[in-house]
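Listed after this line are the structures, all set down as structure tokens.
Both complexes below contain subunit A, partnered by subunit B and then by subunit C.
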Partner chain A sequence: MDYMMEDAQNAAPEAHETAKLGASTQRSDKQSVTKRLQSELMQLMLSPSPGISAFPNADGNLLSWTATISGPSETPYENLTFKLSFAFPNNYPYSPPSVLFKTPIYHPNVDFAGRICLDILKDKWSAVYNVQSVLLSLQSLLGEPNNASPLNGQAAELWDNNPQEFRRLVLARHRSVDDDE
Partner chain B sequence: MPPSHVPLSVARKRVFESVFASTSLGNTVPTPLATPNIGFAAPGQSFGLATAAAVPQISQSLTDETWPEQVNWDRAWHVATAFLSFSDIGFAALSLLDDVDDNHLQDLWGLSSPSQEAYDALNFLLAPNSPDGDLHSSLKEYDLVEWYCNEMRRHFLANFRTDILKILHGPDQSDILTKVVAYLYITQRIYYTRFLKYVMPKLDITEQEASFSKLQRGFHAVVAYSLPSSQTSALLAKEITAKAIIILGIEGGATGQSGTTDEHGAVNDSMDVDRLYSTSYREWRKEPSEAIRNKKMTDAEDVQVIIAREHLLSLLEGVQAVGLGGNKGQKVFATVMNAMMTEFIRTSYSGQWDTPSLATQHLRLWVENIFARLVVEVLNVFKSPQSERRSEAHLDVRLSDVEKWQEVGIARLGALRTSELFDVIVEWDSSSGAIEDLKHYAHNPNARYSLANSFIATLNQRLLHPGASTVEILQLYISIIRAFNILDSKGVLLDRIARPIRRYLRDREDTVKVIVSGLLADTADTSPNTTDTLAELSTELAKVHEQYFQSDSGELDWDDMNWIPDPIDAAPDYKKPKNSDVIGSLISLFESKETFVKELQNMLGERLLRRRTDFHREISVLELLKVRFGDGALQACEVMLRDVFDSKRVDSVIRNDQGLVKRQPPQGIVTSDRSTTSSETSERIPQLHAKILSRFFWPTLQGQSFRVPAEILALQQRYSFGFESLKPSRKLTWLNGLGQVTVELDLEDRAFTDEVTTWQASVIYAFQSPSTQPSMHPVTKTVAELCQQLEMSASLVRSACLFWVSKRILTETLRDTFRILEVLPNKEEHDSFGAANNVNMDRPGNPPTVARAAAAANAAAAVAAKESADAATMEKMNLYWQFIVGMLTNQGAMPLQRIVMMLKIAVPGGFPYSNEDLREFLAGMVSQGRLEIASGGNYKIMPKH
Partner chain C sequence: MPMHLPDASLSHVSPYYNPFHQQDYLAAYLDHYTRSPSSLIPYSIPPLVDLSQHPNLRFPAMESLSREELERFQKLSNEYEPDVQGPLVSAKRSTHAISVEYANADPTLAAKTSALVVTHPFSRIMKGDGNCGWRAVAFGYFESLFTLRDPLRVQQETTRIKSLSRLLDQVGQQEHLYEIFVEATEGVMMQILNSIQKRVADEAFLVEAFNDEYNSNAIITHFRLLTSAWMKLNPIRYQSFLAAPLEQYCASRIETVKTEIDEVGLQALVDGVISSSGVAVEILYLDRSEGNAVTPHMLSANPVNIATIRLLYRPGHYDLLYRADPSMSIAPIVNYQYGMTSQYIPWEQAALSFDANPHLMAIPNLTADPFFLGSAPMTPAAVPAPYLPSTRNVFYPSTQPPQSQPRPQSQSPTEPQTQPETQPQTQGQGQPQPQPPPSTMTSPSISPTQTHPLTPLPSKCSDGPQIRLNPLVMKPNLSHSLPVTTPFKNSPYNQAHFLNHDFEPIHWEPSESRK
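Let's look at the complex of A and B:
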């Protein structure tokens, strides 16, 4: 009886405590994500890399961005620009952001919904990557697709066998997102 | 109900009368002097025949014996009342009688001995055992005492009331109360005399007292209710106030009142007696020992006070006697005493902030000995009817009441101190006594709450506005911290009060700068400019250091005998902030240490670059700050200091290696790993010293870039070479804009030596004569030439030239053309020089002086400084431009409003410019073709081609 009482007395505040702790960790997580994204943005602004750029969306919480990459020269994507959307999870940078092509793109490693097959956005993700490095990887992916594991089999085949047709399909599929808006 | 139906009707009557006794007599109130009223005729009888007619009925009536008695009684009543009633002589007659004695009064009021008849009548009516005493005593109308009271009331209202009112409203306002009381006293005596003389003795001995007090009460009631109470109360209050001011020893009041006490002789010229017994706090606290002080308070009784006291008490006795006292008087007195206490506290203690504070002690003694004494005395006079019945020994004032008054007094003192708090804080250090007083007050949550609120209100009104300099605010904040740490060591109040200040300070741009410069200030030479630096901060930093460790013991200290619980208004999880001391509070003003550390770096950098041999002050400050911030945060500063010391060593090594050491006295030079300064002398080989800074750890150093003289450049290269051989992986970047140069100029008629900046030195070096022989034609150069030669901005060149003009080395012959002044002009030349200059300056009649040239040089320097600041702004704007580009590239075209909003969100630290500034900036970009304005005022990025 006595022990039970004691237990009850001890248990209650603890449970309370953990609940509170949970809430506060969550909050501090979110703060640290924001802080991290803010510094990434600053870094992007201070040392812009040619051909890539990114900026948070206007919703004000910094967790979704829009990025722009221009196709590398001497690839079928030359002179084309592509928009991408970034959605950062709450535990970023411990989980990768989900990245999608918003601009329709014809590419062996990108499907028609814009989903990307890139190892660093999946299992090879590490907290040292950031928006800039992801964008640079994607830019190089445009020039050097990984044809071993294509999402778009036709594209993979044409890349190897028929560059002219590939280029034609790229141009046919590409359309500027801005024009739609 | 005719009496003939005997048995039943008699029975009925009995029953009826047992309930409504003597109804037949109930309405037979005799009308004095008028008709001899004998009551209504019984049924069947004719009026006026009552006596005779009654006889036959005696046998039938049960009240048979009453009838003749009733008649007798009625007659007696008439006679007695006729004798006792007052004639309607008004106050006019009475007022003649100011000083008349009793006899005269009796004459006037016809109080001659009663006639035999009246005497008998009185005897009859008042005889204790009168047969119908029982019958009549139960009826008010038949009670002679009662009748007398009514008669008195009637007479008073009819005759005296208006007269008294006339006095009350009269033009002569002095001593009204005394007069009124005197007149009321006379009227009272008139009424009482007759009663005492003729009525009282006839009464039964047991009833005498009761009936007299009844009469008294009646009179008091008439007086109290017939006179306008607001006026009498006001008068009474005025009188009491006047005397109480003297009796209670309220300063200022006492001297003001001395005029009224003139008539009482020596009071006026006994002011030193006054002082001897003064209750004044100021005098009192000078007494050294507590025993003397206590004695002083209890014994003190000044002549003036005694007189005032006697006056007041006698007056109040009069007031009480005529019925204006009692409960009403008590109320008035309470109101006055209430005001008096506040007044006393205000006059005695305001501005008395010395420490140790004895104010509460003094106040308690005062309440106990002086205030309470007066209350006891006055309440003794102003007895309420209830308290009259109590025994004489009983005091209306209990000890607990006195204690309550003391508490009230302390609370008032607290309120006074609260209202003074801001000034107390301003005067801080010499005003700690006031805080001690507040300590006694700020116990309960309400007091603390109001204290905090009123203080915050004062702060907002008097301190937290643009008119107050940051230094002032910080200064006061420091005082507040110190004061409130004493007041409330747990820091709850401070926490509450400091919030608005801290919030406000955070908004001020120069707060960090002031704090940091205060910390680094040299304690030794603070005297001249204490107003613009917070030098005491550095003192504080060193001082508090030891306590910082001691107080930081974390958990509860069980051996702490001075432990007190957290204040009642503290939040349950309240914990005293660790850094509640002055330095801690200031440092924690800002959310992150970064702001602070950054400013510290800037300030430190500036100081370290100065040419000094030691930096003890900086080292010690840094060490002390490290205790608070931890080593990590101040690492950069640490490196900066190390750089300076290392470079001293490295400098000497390199100079040895490179053979730069000369036997000449060394000239000051500064250099750095990516930053430099140089120096030169006119003919000899200059000495170059450098400070080598690690760029990564130093704040961005702004400096104009320009080309140093070839000679110096060669030295720099040698120096760099030496450095790179010493530390192979590192490279020197020279910051020519920073540093000092000792310049020696040999002119034809004089030599000039001074320490100047590098750019000033470079400019004057450009004027150097090509040959060692002084030429006949002094070197003349234009600003444009110099700009080209030195790759220096025009404003900087001009600033340097004007500097040399102010030193009388150069002279401006034409606008932007400068010539060496090889020979100082004599008088005439000076005039012509002046004239020439006047033309140039377009200001005739204003001879150029050295001072004016110096002013011009300063102005030019300011222009140059602004130019470099503008460059910095542009650089900043460039960053924003990157943001805008990123935004417009990714989010598509946007209107201005949206851009501003996004910048505010996205840029760390916010976007400091207004919509207008941005619009201007964007317009510039549009004109450069980097932006275009699309439909709807949206800005759109232009694709790069």
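Let's look at the complex of A and C:
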């Protein structure tokens, strides 16, 4: 018995073991991502924040979500609702999700393709940020654009110099996404 | 769907002018060439702007460049991949490889790395992906615990690290988010415990655990969050070293997923997470400063350490170093300072800022007086003596004749009971005042009658240290009056010597106010 044990230990088929390990590691990573996203979803449902919501897409893939934020009051985005898409990487939360505005939005830090310029979605991402904190950050970005690094230069300028025109363009650009779906 | 939204990671042409991202690319590219390979861009930024389609882009710094150059830069930038190869944590290997890297480099680096091969023959290379410093400390910490092979200690550490979660709660981190990081750390602790109990031969399992990127990231994130919480809870210690407000620093440098650790962060990591384990962290700087050896710097303030994590620092990058024999703590270097020599006398001399006869200095009450007895400013006559000096003066000459040798004054008269041998003398003289016990050292030259008829010696008993003047016993006084210095130890293992392998520079703790 002892000898058999010894043999089994000594004759470690390294390549095989590594391959097996790699596969199991990947599986456990996926489980970890899933677990994390489920926990976030749970949190969103248990303690919802006013003006934001998010839910995984119906396709059963927990790695892509759709979210909505409502424009903060006393901003040009008041009474408007914006839809966003979240795509989570396989190593989430150690890389940020890709977040896009699906609803067309006129904003200094969002381009016309819906891409967002926000440091916490890039190099300032932290593994404790989450769907809820990203949505809250985006909501505050609506009321406080970072005009120092605009994606939409005209919007940045109008925000500072011509609020009426800014508001007009916000309303002109806004469309409800649901109408088209 | 109302519009086609290209996946950010795939898009390569954007119809939109995008100055912000453009600058990102340039920065990424420049980084590649101006910084060390290990100062890494956290993410490969998706190429959103194709310069070839925007010939009229205006960037002040780039205006002098031709369009071809810009295109070439853009291409390089787009294809930029940080120079990160190899495993996250390498196997232990010979430090010789590092010295080979520098063989043809600056002579100082070549000399320092060759010396490193002798003093620290083994090293472990960290992947330069922005987390190398964090990873080196975390790995070194777990490896130290495994190397100690003390199951109880591993259990204690597991409990301690888990208990640090209260720091996370205190700064408002949500448990449902941080629990996976704590679990990862705990998992490695369990692996260590099992491996110790199964008498696993080497730390390969730990290297494997750290090369599982997801797991590794979780542990590093855990350590990052603990460090950040520690800093937020101890802002006074760190804020003055930071250019930005501490909260902002933590958000942008500590809690992020791939930001290299800096000195302040490293100190906070050691203070908040590592230090209480008794594991010390020492940085060995490899730079072109003068000298033939890497410059060591001890980050831990613990008086006693159970192990030491040794980090090799090259600008922007940390690796791990290992000494030849952990039990060998005396460097094969002649130490001309005090505290490292087996000879008794020289250190005394060296310890004093003035030139003193060590024989004399070994005798209490004589501190510096052989040299200053004649000089008025040094006579302690101004110091009020608690007892009558004249009594002593009479006393001494009277005691000497019965004895065959001159007897130096030694102990304080207020502590006569410590030396029972003095009893016979006391009886013989019938003096009510306790007689000083004999000194452990006899020196024929320092009989008070021989040196000077004045009275300074007895009075010095009262105000000066009642003990031999040596650096070891000076310790308490020093540490209370001079926060920048830590006492020296009269030990061949003295860490305070700059050539000692465990060299620990004496540093002032901002948290300790002057007393």
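Here, the second predicted complex is superposed on the first by the 169 of 181 C-alpha atoms of A that agree within 3 Å, B and C clash if a C-alpha of one lies under 4 Å from a C-alpha of the other, contacts with A are read in each partner's own complex, and residues count from 1 in each chain.
Methods note: a residue touches a chain if its C-beta (ideal position, glycine included) is under 8 Å from a C-beta of that chain, and two chains touch if they have at least 3 such contacts.
Worth saying up front: this structure is predicted, and the values here are computed from it rather than measured.
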item	value
Superposition on subunit A - do subunit B and subunit C clash or fit	fit
Touched partner set for A:Lys122, first subunit B, second subunit C, both or neither	second
Contacts of A:Ser149 with subunit B and subunit C, given as first, second, both or neither	second
Partner chain(s) touched by A:Gly114 [first = subunit B, second = subunit C, both, neither]	second
Partner chain in contact with A:Asn57 - subunit B first, subunit C second, else both or neither	first
Which of subunit B and subunit C A:Met42 touches, first, second, both or neither	both
Partner contacting more residues of subunit A (subunit B vs subunit C)	C
Lowest inter-chain C-alpha distance for subunit C and subunit B in the superposed arrangement, angstrom	8
Contact residues common to both interfaces of subunit A (with subunit B and with subunit C)	39, 42, 181
Sites on subunit A touched by subunit C in the complex	21, 25, 28-29, 32, 35-36, 39-40, 42-43, 85, 87, 91, 93-95, 98, 100, 102, 104, 111-115, 117, 119, 122-128, 130, 149-151, 153, 175, 177, 180-181
Subunit A-touching residues of subunit C, taken from the complex the two chains share	1-3, 5-9, 11, 14, 16-21, 41-43, 45, 48, 173-174, 176-178, 180-181, 208, 212-215, 217-218, 221, 225, 251-252, 255-259
For the subunit B and subunit A complex, residues of the former touching the latter	879, 882-883, 885-887, 889-892, 898, 901-902, 905-906, 908
Subunit A - residues contacting subunit B, complex	38-39, 41-42, 44-46, 48, 53-58, 60, 62, 65-68, 83, 178, 181
